[in-house]
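Before any comments, here is the structure.
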Amino acid sequence: MSNKLSNAQIAWRAAQDIENEAYVNLGIGFPEMVAKFQPPGRQAIFHTENGILNFGESPPEGEEDWDLINAGKKAVTLKPGAAFFHHADSFAMVRGGHLDVAILGAYEVAENGDLANWSTGPKGVPAVGGAMDLVHGAKRVAVITDHVTKHGQPKLVKRCSLPLTGVGCVTRIYTSLAVIDIVDQRFVLREKLAGLSLEELQAVTGAELVIAGDIADLVAPEI
Amino acid sequence: MDKTVPDLAAALADIADGMTLMIGGFGGAGAPIELIHALIDRFRATGGPTNLTIVNNNAGNGRIGIAAMIDAGMVAKMICSFPRSADPRAFTEKYLAGQIELELVPQGTLAERIRAGGAGIPAFYTPTSYGTDLAKGKPEAEFDGRMYVQERWLKADVALIKAELADRQGNLTYRKAARNFSPLMAAAAGLTVVQAMRVVEPGAIDPEQVITPGLFVNRIVEIADAQQEEALMRAGVAYS
Amino acid sequence: MSNKLSNAQIAWRAAQDIENEAYVNLGIGFPEMVAKFQPPGRQAIFHTENGILNFGESPPEGEEDWDLINAGKKAVTLKPGAAFFHHADSFAMVRGGHLDVAILGAYEVAENGDLANWSTGPKGVPAVGGAMDLVHGAKRVAVITDHVTKHGQPKLVKRCSLPLTGVGCVTRIYTSLAVIDIVDQRFVLREKLAGLSLEELQAVTGAELVIAGDIADLVAPEI
Amino acid sequence: MDKTVPDLAAALADIADGMTLMIGGFGGAGAPIELIHALIDRFRATGGPTNLTIVNNNAGNGRIGIAAMIDAGMVAKMICSFPRSADPRAFTEKYLAGQIELELVPQGTLAERIRAGGAGIPAFYTPTSYGTDLAKGKPEAEFDGRMYVQERWLKADVALIKAELADRQGNLTYRKAARNFSPLMAAAAGLTVVQAMRVVEPGAIDPEQVITPGLFVNRIVEIADAQQEEALMRAGVAYS
């Protein structure tokens, strides 16, 4: 086993928790990868902020219709039973709690459920998109992320240092090393890589990992 | 994904005493008569559901639909804008006898409160009712030199609505002005139950022509020969 | 000339002020009559609260479609270019100020523009419908009414005694005796029946009639 | 009633310095390229309109559309959720040089503020942005134990939008996901200008399928061979 999961493997693991027929929004970028790892026999219905429900994969290159795109401005296709709607109706679905799952990326997640994923500080051009809406938009808001930054610093922290996207909004985190729930403002460890000791995991985590019940092995296929 | 259920009884399962029900329709246009009458049948057979709060623009007409629910004694409270009709006996008698509660809401505010309930907007400001008896006790605020009343969202446990077409995923269209409150109620209820004139396969409704997207719908029952409340009224039908 | 205009004549007079292609909402009951007196060459577009724009006259008896009704629950027809929409969109049109004219009935209108037209007091079953929305819903909110109650009491008053529909919302009043604008919280007389003296009109009006400029004769054809 | 105008110049008449313009589209889908480029032409010929505030989800891409307006120096302020794109040079350069103002609004709040502007709702509460930098200075309130931020309506002097079909009375349909913000903007602007792929006679659009009713539309110009912004981008076209 490699010493951490790849992004594709993290996305695979997150996909295993999406129920059949769930309504799901995947944040732009890395989270979009979750769609292709739905377990056999399950079919989620995907929502995109710009006004489509039940869209499918990208069309072959050269067959794009640029009036049929997702929130990341990628060309998509439609599945049978798709619907178009305007932006206020789209965010009524989000803000109104009609989605079952939203899966987002993260710069930092704090043990109190706070998420920072839109701004790395005052430099450059700020851009927020739909992130601040989505964190209040689903019955379950999950994060997928590498466990540490590219400099090796913890991304799971006691309190976020970067500008917040939302307060107390994250309920589960899938990382390259572990699966962690946020319960009563604490990180509760559910799964970790088999080859990794609890001490090693704690050492790269910025807040205490609570043990409550069995810790399963985090496993994902080679992808 | 198939949200169709075999019959009215299955469609109405889990509707319990004390719940708030939004019922689509404006007058007879869009009134889900078969769903309502099946719920009355259940009440007669089992004694429940009762003590219901009903949200609709009106408070029933004649001895059918919502009026028949009131006659049957299932309704504790009406939230509506206009509890009058060609034949408002059912509500009027109970109201004057103090046996039913009324929350009177201006029609546009009622629509917007339901829309807010579905859209996750807990409160909004409107000019409607400012300075009137219906604004009493509500917060007021000034914006750009004009006074407004704060209104709260309205949600329900269940919505009962009537659609023209429904695909199995719950995408809906409505017939003419039978649309009225139904798309709003579908979004504002925890459980949305639809009677459709026709159930079609996913893909049969043009995605640009869907009025209520399927994620707002939980159960669909096909009632191909659905009755129109106004036509029943004019035929002198009574369900009480 | 009769000593007062009939309801049809009041409706006719109000119809003369509706511009060609105006978007108009007519309150249920008496105000609905205004539609049939549009001057030749003018065609207003009528809105009804229950979600239709550009509806037309009632169909012949026996040809009603009870899914195609107006706010008064009367069967109507459609004109070319009609549109259906849900109730929130319908009242967005109203509250958002997108209608040019709303014409309503009245129990009382006060010189400060207050209108009472929904409740005659605590007796009976109260019902408000769309009246409180419509008074804030148009660039011009006009009232049509008999000048006095059936007991001969003024309906145009200094301050309303009945429960209000809206505050300071009325801009013009068409009565059986006169046409009156509300300007700076005063009744400004514009037209009166030729056979009626100013003193006679003032005697049946509950607040002072201000004269500002010429008073035209109020004329309407026999209908 | 005929709201069509003969050409782009007539469609854009009365757009003046300092105005707020809502421009439909999300990325390239729904971007009214011909209206935008004709406005740039007018600016180059006459020096106006300039000092504009533009409302759009994004802040332009490449050297066309809104990006070309920014490059031309017509834009004083952007109100948007995501001023990034495949090629955000036009905005980025001016922003970092302090030559353009940015009001950053979460995407759903932007949509709801525009919707509120059209619907006569001066303010509403949303959970979005609570506890973040984007809520700073805004009133907060608790409803049912949860905290919310008060947001204000957003209106504009002019909306420029792209439709699929327009009848002469202004009833509109949109193509696929090109709908996005356009129906909201049409309602929130004092003057709504539409470029339509095809103009049809009243009655040609099924009344149940109208997305934007005509009363929100003031002027229509038919641009049958309208360009798609994303396709122009990928073809390397520049209008700056």
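Just so it is clear, A, B, C and D label the chains in written order, and each chain counts residues from 1 on its own.
Just so it is clear, a residue touches a chain if its C-beta (ideal position, glycine included) is under 8 Å from a C-beta of that chain, and two chains touch if they have at least 3 such contacts.
Fair warning: this is a prediction, and the values are worked out from it, not measured in the lab.
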Which chains lie in contact with each of chain A and chain B?
D
For the pairs B-C and C-D, output the one whose chains share more C-beta pairs in contact.
B-C
Quick one: chain A and chain D, Cα centre-to-centre, how many Å?
30
Whole-angstrom distance, CA centroid of chain A to CA centroid of chain C, is 56
For the pair chain C and chain D, the C-alpha centroid-to-centroid distance in angstrom is 36
Residues of chain D touching at least two other chains:
112, 115, 119-121, 126-127, 174-176, 179, 207-208, 211
Shared-contact residues (touching 2 or more other chains) in chain A:
52, 84-85, 88, 91, 94-95, 136-137
So which chains end up touching which?
A-B, A-D, B-C, B-D, C-D
Contact set on chain C toward chain D in their complex
21, 23, 43, 45, 47, 52-54, 78-85, 88-89, 91-99, 136-137
Chain A-facing residues of chain D, complex:
26-30, 57, 81-86, 88, 91-92, 95-96, 102, 104-112, 114-115, 126-134, 174-184, 211, 228-231
Which residues of chain C touch chain B once you look at their complex with the stated criterion?
48-52, 65-69, 73, 84-88, 90-91, 94-95, 114, 119, 124-133, 136-137, 163-167
Residue set of chain D touching chain B in the complex reads 112, 116, 119-127, 141, 143-144, 146, 148, 152, 173-176, 179, 207-209, 211
Contact residues on chain B for chain A in the complex?
1, 115, 117-121, 167-169, 171, 187, 201-203, 207-208, 210, 213-216
